[in-house]
Every structure is written in structure tokens, then in C-alpha cells.
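What follows is chain A paired twice: with chain B in the first complex and chain C in the second.
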Partner chain A sequence: MFSYNLKYELKLLWRSRWIQLLGVLLLVLIGFAVYNGQVKTDQWENSIQTAQQTLKASDAAMVKVLDSVEQGLEVSLAPWLVPTSPMAVGNVHPRVVAKDAQPLSYIATGQSDLFTPYVSPKATGDDFAIEFTEMTSPVQLLFGNFDLAFVIIYLLPLLIIAFSYHVLSAEKERGSLRILMAQPISIRQWVFQKLTLRFLVLSVLVIVAFVAVALGFGLDVWANAPSFFILIALVLTYMLFWFALVFLVNLWVGQSARNAISLLGLWIFFVLLVPSILNQIGSVLYPMPSRTQMIGQMRSLKAEATEKQDEILDNFLRDHPEYAVNDSTQKRNFYHRYVASQQLIRSELEPVVNRYTEQLQKQQDLLGNFKWLSPAIVVQQALNRLAGNSTADFLNYKFQVMGFSETWRNHLMPLLYNNQDFSQEDVPKLPVFQYQPLSSSATSALLVLLGLVVLLFGLGFGFTKRIWAS
Partner chain B sequence: MIITDNLTKKYGGHLALDRLNLQVKEGEIYCLLGANGAGKTTTINLLLGFLEPSSGSAFINQVNVKENAQATKKFLAYIPENLMLYPSLTALENLDYFSGIAGKKLGQDELRNYLSEAGLQEEAFGRRISTYSKGMRQKVGIAIALAKHAKVLLLDEPTSGLDPQASHEFGRLLRQLSNLGVATLMATHDLFRAKEVATKIGIMKNGQLKREFYANEISLAELEETYLGLMQPKAAAL
Partner chain C sequence: MILSTFKKENQGFMRSGRIRIALLTVLLLIAVAFWISSKHYEATNRMYDSAKTSERANWDGQGEKNPHSAAHYGTYAFKPKYPLSLIDQGVDKYVGSSIFLEAHARHEAQFSEAADQTGLARFGNLSPDFILLFIMPLLIILLGYNSFTKEHEMGTITLLRSEGASFYKLALGKWLSLFFPILVITSLLFLGAGLVLSQLPDYGVFQWSALGDLYGVYLVYYIIFTNLVLFISAKSKRSGVSLVLSLSLWILSCLALPKAASNVAGHLHPYPTRQEFAAEVLKDKENGLDGHNPWNKKAQTLQAEVLAEYGVDSLHQLPFNFDAYRMQKSEEHEAEIYYKHYDKLKEQYRKQAEVYDGLAMVSPYLATRFLSMSLAHTDYATHWGFADAAEQYRVATQAFLNGNFAENSKYGEWGYRADADFWKELPPFEYDPPELSTIVSQNQRKLWVMALWCIGSFALLLFTTKKL
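And then the complex of A and B:
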């Protein structure tokens, strides 16, 4: 039966122009989404590149000034900007701490539209309270990003529904079902085979569209073949989930109009409702602490610290004698006191700041525990991870930023507290940030999706009992 | 061979078929007459396994339909009142598809032969079914039955809506199949065609088989008189 179904299903789809229509539609949708993703990734990379070039120019200028100072020439700069001061280097010439775009960044915007591509933490900055947020267009918030993840998660199921919602009911409504049922075949098997063939047709079209678009935009598919295969595997498994739902609805519901409405209802449930409800539950159970409260707390701590600067500095140097081991001058200025106060404020605010990460982690854990309720969440998370734009990726980046800020400060603090000048020789020794991406894996996502697929097909084969022609 | 043994079907409180006993032997054409709602289509649906009987049994080639509906379908072919095939496929493709899924792999020559045997003009073989008249579609149905080597043919009002010539042609094809040993059960309103093609005729009313006789034992006029007499409502008791 399968070979005959295959042969004639392909003929019927070709003659009804479904294959041609789907092919063009997928090419346009995937093409537009990849183009959008690529534009965003290019902007991201250009932004980092520009910052790196600016830093390079600023370093060259710094070296020039240092050279002039070291030759005993006068420089026309305000004293706090002269790079012989370690804090001038730390604040005026901060390093670029960039989150490099990953090879498949273009597939999912994820958290990248909420964060900046790089930050430049200063030696005296409040990097411990770093949030990375920037304003987002309200229109974009309303509609979301038209990226590949949007096409896969939102639009592809709608195409599957339009393509297959009436596989069985159309036979009934046309009148050919009674002839089919008079053949020695299982109608359930027949529907399963028809949907399997449609799944194969759509899979081929999706893969061809992906490859065509990737080649069209000059993306190096082979260099990132493993990630690309994971992407394809995720998409096909997600499609399989929707075909399994279509299979159940075709067997259980019966009329084309009802099938379509039921499937659209399921689409709303799985793609819109469940993610939104889980998100709301996460926000209610694990609310993020008030940022205004934290800023207020930080200001009062700063004010308190300003009043007791000398005492704080004394305590700080008692705790960290290593910073001033070579200091014979015992000269103390604004920066000595300020940096010591910052250290105190940082340690006092640490529990408040950590609470953000903890609450965010709890929200993520909740989503992780219940993600199987919606394959849309599973695929969105997996695609974000594959693109390197997931919450985990940005948390990883945030920790790396905080780590580098510490390194940057610690590199300059001995010079500051030993009252030593920063010289040309110190320039090549300045720390350089190198982003370390997380390794991505889609195994758990694939397993969850496959589990749901098996469950749905099991329900279709095991529990439906209905005589369709009656 | 078709046998029903006290075959009964109830829909809630409504008795659609009441203890039907009939037998159609190899090579026989049995015509079931009756008004709408008499139970003709219910009988065919029960024989096809589309419905489960409330009680009693139906057998196709000695196989119990309720117990093994799929096995009985290897032996039977079915042509409904309006045979709907795949409109965007040609007659050859439709025949190839339905024979194929029934497990008969046929070559192009065999497919053409069956369509010719069913009385279809050669020029129509490659045309899409959407361009066919009802009579031509019924012939493709016969070709499907021929290709399947069906032992049993179930027909539900197959000649309704056919012009006299097409109807006559259809009757000729049925006799041809009967000569091959096919047991045919045909539900129809057409007394003339029933008299013309049937071996046996049964008249149903309110789910019961009221009369049964051999077609050669009764004239068309007698058949009509008997039928109309049975269909008249009983005089209400005063």
C-alpha cells in the first residue's frame, strides 16, 4: 500500500499545486527570516568591530601621550585624563568586553535584542549592578522578531495544519472514503501513511529551502555542519509533533471545518497560551526584585561611604596590604578612597544583586521543568541555545563581564595604591577579553519532542475507535 | 457467497434492520427493492463492515464480517450510488491505485484490458475522472471489481441518475460479472432494471424482508403490483 500511496499522493499534491505553493512559500519565509537574522548579526558584529577600532585608536593616542610624558614634554590634557594615572587608563581607556556572535546567531534573536553586543567596564564603574538592558521598539515588542525561529515555531505549524487538516475528512466529504474503506486496508494505517508522505514532502521542501537560502546568502553551511544538522533535526522533530497532532485530529474529529478549528485551537494552546501562562506563573512565583529599590540602596550606601571614606580606606588597606606593598609615599587621593568604597559597596550589595540571578534561574528552572507542556518552548529554547542567544548564554556572558571587570580593576589597583605611574611598557600587559561561548546541545529538546510524538501516535493507534463512514 | 443470519441493526430505539435472512449464491444477482429507509443501505453497510450489527451475523465467502471485516474485503467490491474517485487522476491511475492498495499489482496492459472489459472507450483511459459522466465512473468501479477478482459485488443504487442506455449497459456488465461467478447484491429503486438483471428479488419494508422470489417466476407487472401493494400504508383502524 505504501508505494501506491507514495506514488499517487505525490501526483495528487503536484497536480493540486500544493508542492509548488509550499515550496515558494517556504523559500520566501525562510529567505526573509534568514535575511533579517543576518542583518541583525551583521549589525551586532559591526558594532563590536567599531568598538574595537575605537579602542585601538584610543590606545594609540594613549601611547602617544605616554611617550610625550616620558620624554618630559607637556601635554594639553586635564590631569585626571593623563594616562600615567592608572585610574585614567581604567576609566578613559576601558577594554571592549564583547559577546561575539555565534555561527548560527542568525537563526534566533533570543535575548540579543535586549542586550548590547559589548560593554566597556570602567575601573570605577558599577559593573556589579550591570543589567545590559536597552530600549526596544514597542512595535517590535508587539510583533516579535521575524527570524528563523519565528518561522519555525509559529508559521511552520500553520502551514502543516493548512496542508493536512483534512486528509481523511476530505475523502469523506468527496465521497471516496466509502470506496477506500471497502478495500482490505486499515484506514488508520492509510491516514498514517498519507501523513508520513506529506511529512516527507514538507521535510524535503524545508531542507531544500534552508540550503537554497544559506547558499543564496553565502552562509558557510559546511563549516558549521554539526550545528546545521542539529537545526534540521530540531525542525523535523517539531514538524513531526504537529503531524502527530494532525493525525489524532483527523482520526478523532471527522469534518474538515471542525478539524481546522480544532487544530488552530491546539496551535493557540501550544504556541501562545502555555508559554504565556508558564511565563506568568514564573513571574508570580519568582518575581524579580525591584531595581528602583536596589538603586536606592546603592545610593544610600554610597552616601554613607562618602562620609566614612578615610575609615573605609584604612580598613581596606589593612585587609589588602598587597596592593600598597611598594608604596613609600603614603599619598592618598580621591581615587584611593573611591575605589576602596566601591569595594565595600560591592560586597554589601552582593546579596541583592545575586537575588536577580537566583530569581531568573528559578524562572528558567520552572520553564525547564514544564517545557514538555509546549513543544514551542522546547524548540525556542533549543534554537536560542543553538544561536548562542539564550538566557543561559547571556548569563554566561554577564558572569564573564563581571569577571573581566574584576581582572581590569585588579590589574590597575596595585599601580594605584603603590602610587606608581602607568607607562608605555604597561600597555601590552593590559588584559584582553576573550568571550568563551557555552557549548550547545539539543539532545534533551529532541528527546522531549520525540517523547511527545510517540505519545500522540500511540494515542492515535491505541485509543481511537470510530467507524468513519457511518 | 453472501449470507445474513438474523442480521439486526438498531439505532437507539429505532429498528433499522430486523432479523434479515438472505443468501446470494455464486453467480446470482440479488436485487433488494424497497422505499427509502426500508433498510437496504443498512444491509450493505453491515456487509461492508461499516456498521456493527446489534445482533445476528453476516458472512462474505464464509468469513464473518464482524469478526474479520478486513479479510472479507479481499473478496468484495463495492459501488455506491455516486462513485467518487480521485478527480485529478485518470481512469488508469485510479484503477492502478485502488488495485494497488488492495494488493493487486497490475501492468499497464492489464489495466487497459480491465477498463475495456468494463466498457470504457479507450480514448477516455488517460482523461482525468473530473471530466467523466456518472455512467463512466460506474464503469471504472466495475473495472476495479474486475481487477480485484471480487467474488462478491455490493451495489447501492448504482443506476440512479443514469440514462436508459447507460443503465442498460450497466445491467449487461452485471450479467457479465455474474457469468464469472460473482455473487451480486444490489439495492435499487429501479423495478425494471431489477426484473431485467436479477436472479432473485427481495422487497424490504421497515427493516424487514417482506417478500422474496426468483425474477423468472414473476412478470414486471406482477412485481410492480406486489411492490406497490406492500408499500401502501395499512388502513388505520377506525
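And then the complex of A and C:
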């Protein structure tokens, strides 16, 4: 009976052109989405590469100038730009601190359209004022991206709904249910088989479409096979969740139109409402402190520090005797005072600035605890992590930037306070930033999704017994 | 006939549990969204007021100081929230709300809300505009997808035919009955918003006329959806098919097209990255007049010109401080460079906007979205206006500071300090968003698109089906 059903159903799907239609639709949607993702990732990588090349050139130029100065030649630069001053190096020749694109970056834009691919923190700059956000048209940000994540999270469930909302009800409405009931198979079993086949068909179509698109765009699938399998596993379990819902609704509801309404209601609930409500709850429970207020605090601290800069410098040198050990001149200029003041402001502002990351982390944790409320959230988070574009990834990057900024400053500070010149030999010793991506794991996401699927099928097989019996 | 159809349909709505639940859910969502939005609004404006006052206090209380030090200490321009942002938040959370104004450099608005939110925020906020733009059309679909198909399915079409009912009259009746509940909800919502806004004292420049226009825009949007849903229902044989078709329309015009439009516009007319932009500006600056660098080529030329003009042979003999004069000239020159580059950026966006306008012919959502943001002062244009005003203020502030420096000191006198009271003379930063009439004339193309959609969809509904 099962094999007969399969054969019959497959033929039917082919002849009614469902398979062809879905195949073309998936190919177009996935193709457009991957193309968009690929373009974004290329831009991201190019931007970093250009910056690295520019830095290389500017370093070479710096070496030339240093060479001239060391030979006692005159250079045509304003005095504060001459790289013998460590602060000139720290501010005019900052390093490129880049968040490298990950192999699967193209699958989900995530937060990457909000932020720049790299920053270049300066030695005397304000760490908390480093501009991480990208210069994008806000309209683009408002509308979001047509990326693979959008196709999977929003559109795929709708395709599933359109494909199978009336598996059972159509039989009822056509009057063929009676014939069916005379067959030696339970209705529930029959619906289950029918949906299983549809799930298999759609899975094959999705995989084929994705592989075709990947080959078409020359993406290296084999090199990232593990991540790619995780992606496919995520998509399939997410599809399974929607098929499970379709199964339940088919058994419980009845009329085709009502089935469709119920399923679409569920779609709106899971994909639109739960995420926005959860987001709202997160920001009510853990509100972000106002940035304008932070500016206020920073400004007052700066004003105070400017007034007391001599005192601050004295205290600073007392706390850091190592900085001035080799200096016999004890000459003090603007930068000595300024760097010390900045250090003080930084340490005083630290709790204020950390609050933003803390609150964001708390919102993220809350989300982690309640994401099972909507599989759309689970999949969005997992895809963003897989792409290396999630909130967690950018938080991680920011921490690393702050760390590097500190390294950069600390590297140059001894030279500054010892009144030592920066020389050619120091150039290769300058610190280099290497981004360490978070390791991503989709196991928990897969488990949550599978749990939901089991629950739904359990409901379908357990509870509908009574409904059909009565 | 029209009236009895209207009565019968509305009774049907009220008796259907499914529709009652849907209506209640929408009302509840609207209430929650409004509450959240007004809390957010109040908090933001409270912060805005306190930040503005404390920043001014910082500025005024600088004490005796060199004007150029004050120029580097700088000041901030803060962007207020406007009353109608209560209804449509527009792009507000994607743009920064404070701009640092200092010597030699134009800064971008900093700290957008979106950058401080989790990835979840990208699903959308539970705000009134989300309900108005996305959920209300869904409600129209829910109420109207089976308007005609049910007559087929229940067999009542034969009864209607036998009564000799004309399609127009039936359609009109159905149209009125579908639009009526939407009209009631929308009117209540806007009336409520208007009352709330006009009651609160701090709600700035609230205008009933702007709210009225916003109301009109949304009504037209709903009329378009009503027409399309009824058209699909009249053309479909089964309710399920009609529902799926109406929904595909919704997904296409509200979700897929705007995203695709954003990608297409971005590909065709990309913005430079922040660093590319900065590098371009720097390149121009290096070729120009450097206010701090007397060895700079352009600075040398300026020096020669000024000496010749005053007929003296040393900068010390000039009646003003040439350092400050040169800085001011450089400031004016650099402001030009910034204008040039920001104009390029604006030009890029103008081209992107053309892509959106073009696609608005396919999606009524796009036209509505843009009109609504403009009317609420939460669109990109208002943000540009604010940023430009802040830049003008920055340039004026530099002139004010350099002027004092030049007049009251001699060449090379970097130790000069202005009086502690001097800072108070700087006028405060003001920005007025565009007037309603300006907004309407700027958005004429979108208004035409909406009108076209409205007329076109009516024609589609009434003239493509002649018989029942």
C-alpha cells in the first residue's frame, strides 16, 4: 500500500506540475538570494583587502620618511605628522582591524549590513566612540535583505503551506474521501504518508536547487562540507516542523480554506509576532541605556580632565613608573598629558560603556531561553551564527577590537613617555590583528527543532485518535 | 441591494468566531504597540531634553579658553523625535541621533538604536506602523478572501442570479462591507493618536493636518488592498485558491519586493564604505588648504595674497591674527569638500530612490511606506535635513570662534584665551523639519502612484467582471 501510494502521489505531483513549479521557484529564489549574499560578501572582503594594501603602502612610505629623518634629511611633512613621534604612528598609521568574512557568510546577512568590515582604532582615540556602523542608506536597513535566510525562514514555510494545506480536505471536497475510507489504511496513516512524500520531494528539490546554485556561482561546497551539511540539516528540520504543523491542521481542521487560514495564522504567529514580541520584552526587561546620556557623561569627564590634566599626568606617572625609566630629559608635552587623561577617562567610563554590552548580552540570553517559542527565531539565530554575522559574532569582534586597541596603545606608550623616537626597526614589530571567529554549533538549534517536531507529530498521532473515533 | 449586501456581510463578520478573534487580536496588538511606542517616545525625548541642556551647560561653562581649543572640544547636535513618530518610526532606529560638531571635520550621526539591538530586532518591531502596514492588509485578506467564492461554494450564487442582482451592485455592497470595519479601526486608531498627541504638552509641533494626511494615505492603501482582494475573490473558483493568491500578493508586495528592491538599489547605486568615504575626503583635503599647516602650498598662496592686500611684508603687521584667519579660510574650504562628497552620497541615494519609485508601480506597499515616513518626519530626507543643518551650524560655530580669535589676538599668539562669558554668545542649534506643503510637493510622484493604484484597482475590480 505504501509503495503504491508513493508512486501514485509522485505521478500526481508531476502531472499537476507541482514539482516543476516548485523546482523553478526554488531555483529562482535561492539563486537570487545567494547571488545577493555573494555580492555582499565580495564587497566585504574587497573592502578589507583594499585597506590592507593601503596600509602596506603607507607603511612603506613611513619607512622611507623614517629613513630620511634618520639620515638627517629634511622631510616635507608637518612636524606632528613625522613618524619619529610614536603618537604620529599611533594616530596616522593605525592598523587595519578587520572582521574577516566566514566561508558561509553569504547565507545570512544578519547584522553585517549595520557594521563596517574593519575599523582602525587610533592610539589617542576614544575606544567607546569607535564608529562600527557602516554608512548605508537606512532605507536599505529598514527593508532588510533578500538573502538565503529570508528565503528559508519566511518563504519556505509559505511554499510548504501552499503545497499541502489541503491534502486531506481536497479529498473531502472532491468527494473522494469515501473511496479512501474504504481502503485498508487509516486516514491518519494515509495523510502521514502523503505528507512524508511531499516532504521528501521538497527536500530533494531544495538540495538540488542549492547545489545547482552553488555550482552555478562557483562556490566551494566541498571545502566547507561540514558547515554545508549543518545548513542542509537546519533547513530540513525547519521544513519538517512546518510539515508537522500541516499534518496537525489537516487532521484537526477540515475545510481547505480554513486549513489555509489556520496555517497562515500560525505562520504570522511564529514568523512575525513571536519574534517582535520577544524582542520587545527583551528591551523592556533589559533596556539599553541612552547613548545621549553616555555622551553627556563622557563630555563632563572630558571637561573635568582637561582642567586637571597636569595633576592627572603626575598621578599617571606615579602609577606607571615603568613608562619613564629610560628618559633623562623628563620633557612633557601635549601628548603626555592627553594620553594620561584619556587613560583616566577610559577607566572611569568603562562601567558606563560595558553596560551596553552587558544589556545586549542579557537580551541575547533571554532570547536563548525562549527561542523555542518560535522555530523561525531558532533558525535565524543558527543561520546567522553559521554565517558568522550574528549579534554574538559582532560582540566578539568588538571585544577583540577593544583588546587590540589596548595593545596598540600599550605598544607605543613606553616610547612616548620615555621620549624615544620611533625608528625604522620598530616598524616590523608593530602589532598585527588577527580576527578569531567564534566556533559555531547548530546542535542546540537542531535539537530544539527536532523536539518541536516530535511534539507535534506526537500530538497528531496521540490526540487525533479520539477525534476520529468520535 | 447594496445596503442589504452590506448588512448581511457585516452580520456574517460579527457572527464568525474566527473573525471576532482576528479583530480582537488586531485591536489588542494596536493597543500594545501604541503603549510601547509612546513610552519609547517619552523616554527618547526626555533624554533629548536633558542631553541638550547638559551639553549646552558644558559649552557655556568652559571658562577662559583658547577659541580653537573650544572648537576641538566641540559640541553636539541632538535630533529630537517628532510627534507623528508615535505612529511611524520609519528609519529612525537605523540612523544616529547625535552629531559631534568640531573643528576641521564633519562627523556622521552616531549611535543608531539598531546597532545596540539583537538580531531579533531585524524581524521587525511591534510598532503601530508594523500593524498599519503589514497586519491590516492581512486583516482585509482574512475578511474578504471568500467574499465571492463563498457564494459559489454555498450555492447561493444561483439565488443571487435568480434575483437578477447585478455584479456592480453586489460588488459595491461587498466592497463597502469589507471596507467598513477597516475604516472603523483605522479611524479609531488615528483619532486616538490625535487625542493623545494633542493632550501631551511636550509633543512639539503636532499638526492635525499632517495626521489627517497620514490617515488619508493609509485609507488609500487599504482601499487598494480591498479592491485587489475582492478582485481575486471574484476571479477565483475556490476560497482556498483565492486565499493563497491574495496572500502571495501580500508577501510579494509587502515582504519580498521591498527586500529585493533594497538589494537591487544597493547593487546598482552602492554607497562607499565609511573608510572609502573618509579616504576620498582626505585626498581632497590634502590637496587643499590646511588650516594648521603654514607649509602647505595653498596656505602659502593665501599668505602671499593677504600680505599683498594689506600692503605689509610680515604677518605680524596684520591687524588680526593670521593663524585664526587661515584656520577659518581652511574651515570654509573643507566645508566645501564635505558638501561635495555628501552631495555625491545624496546623488547615490536619489538614484536608489528612483529604483524604489519604479518598483512602487508594482507594490503599493512601497509608496505607502515612503509617504508615511515622510509625513511622520521619520524618513531619510528629514535625517539629511537634520545632518545638513548641523553642518551649517558647525561651520557657523567655527566662524564665530575663529572670528573672536582673529580679532582679539596677534599672529602667533596661541596662548590667547577668550572670556569665560564669550561662549554664551553662540546661538543654540535649531532644526525645523520640513513643512507639510514641502513634504507633499516632494512626494508628488508617490502620491500619483498611489492614485494610479487606487483607480487602477477599482477599474480591475469593476470592469473585468461583468456577470455574476
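The criterion applied here is as follows: the second predicted complex is superposed on the first by the 453 of 470 C-alpha atoms of A that agree within 3 Å, B and C clash if a C-alpha of one lies under 4 Å from a C-alpha of the other, contacts with A are read in each partner's own complex, and residues count from 1 in each chain.
Everything below uses one rule, namely that contacts are C-beta pairs under 8 Å (C-beta built on N, C-alpha and C of every residue); 3 or more make two chains touch, one makes a residue touch a chain.
For clarity, every value in this text was computed on a predicted model and none was experimentally measured.
**Student:** On chain A, do chain B and chain C fit together or clash when superposed?
**Tutor:** Overlaying the two structures gives chain B and chain C room side by side.
**Student:** Of the two partner chains, chain B (first) and chain C (second), which one does A:K56 touch, if any: first, second, both, or neither?
**Tutor:** After superposing on A, A:K56 lies clear of both chain B and chain C.
**Student:** Between chain B (first) and chain C (second), which, if any, makes contact with A:K64: first, second, both or neither?
**Tutor:** A:K64 sits against neither chain B nor chain C.
**Student:** What is the contact status of A:I179 with respect to chain B (first) and chain C (second): first, second, both, or neither?
**Tutor:** first
**Student:** Counting touched residues of chain A, say whether chain B or chain C comes out ahead.
**Tutor:** Partner touching more chain A residues in the overlay: C.
**Student:** Contacts for A:S76 in the overlay, against chain B (first) and chain C (second): which applies, first, second, both or neither?
**Tutor:** second
**Student:** Is A:L12 in contact with chain B, with chain C, with both, or with neither (first, second, both, neither)?
**Tutor:** first
**Student:** Using C-alpha centres in the superposed arrangement, which angle lies between chain B and chain C as seen from chain A, in steps of 10 degrees?
**Tutor:** Given the fit on chain A C-alpha atoms, the answer is 90 degrees.
**Student:** Based on the superposed arrangement, let me know which partner A:R355 touches: chain B (first), chain C (second), both, or neither?
**Tutor:** Neither partner.
**Student:** Once you lay one complex on the other using chain A, what is the shortest C-alpha distance from chain B to chain C, in Å?
**Tutor:** So the smallest C-alpha to C-alpha spacing between these two chains is 18 Å.
**Student:** By the touch definition above, which chain A residues appear in both interfaces, chain B in one complex and chain C in the other?
**Tutor:** No residue sits in both footprints.
**Student:** Hey, which residues of chain A end up touching chain C in the complex?
**Tutor:** 32, 36, 39, 43, 47, 50-51, 54, 76, 78, 110-111, 114-118, 120, 129, 131-146, 150, 154-155, 158, 162, 165-166, 256-261, 264, 268, 271-273, 275-280, 282-284, 288, 290-293, 295-296, 299-300, 302-303, 306-307, 356, 360, 363-364, 367, 376-377, 380-381, 384, 390-391
**Student:** Per the contact definition, I'd like the list of chain A residues that touch chain B in the complex.
**Tutor:** Touch residues, chain A against chain B: 1, 3-5, 7-8, 11-12, 15-16, 174-176, 178-186, 190, 467, 469-470.
**Student:** For the complex, give me every residue of chain C touching chain A.
**Tutor:** Of all residues in chain C, those touching chain A are 18, 29, 36, 43-44, 47-48, 50-51, 54-55, 58, 61-63, 73, 76, 78, 90-91, 94-98, 108, 110-126, 130, 134-135, 138, 142, 145-146, 149, 238-240, 243-244, 247-248, 251, 255-256, 258-263, 265-267, 270-277, 279, 290, 292-293, 295-296, 345, 349, 352-353, 356, 380, 383.
**Student:** Sort out for me which residues of chain B touch chain A in the complex.
**Tutor:** Touching chain A: residues 45, 48, 50-52, 70-71, 73-74, 76-78, 80, 82-89, 93, 96-98, 100-103, 141, 144, 154 of chain B.
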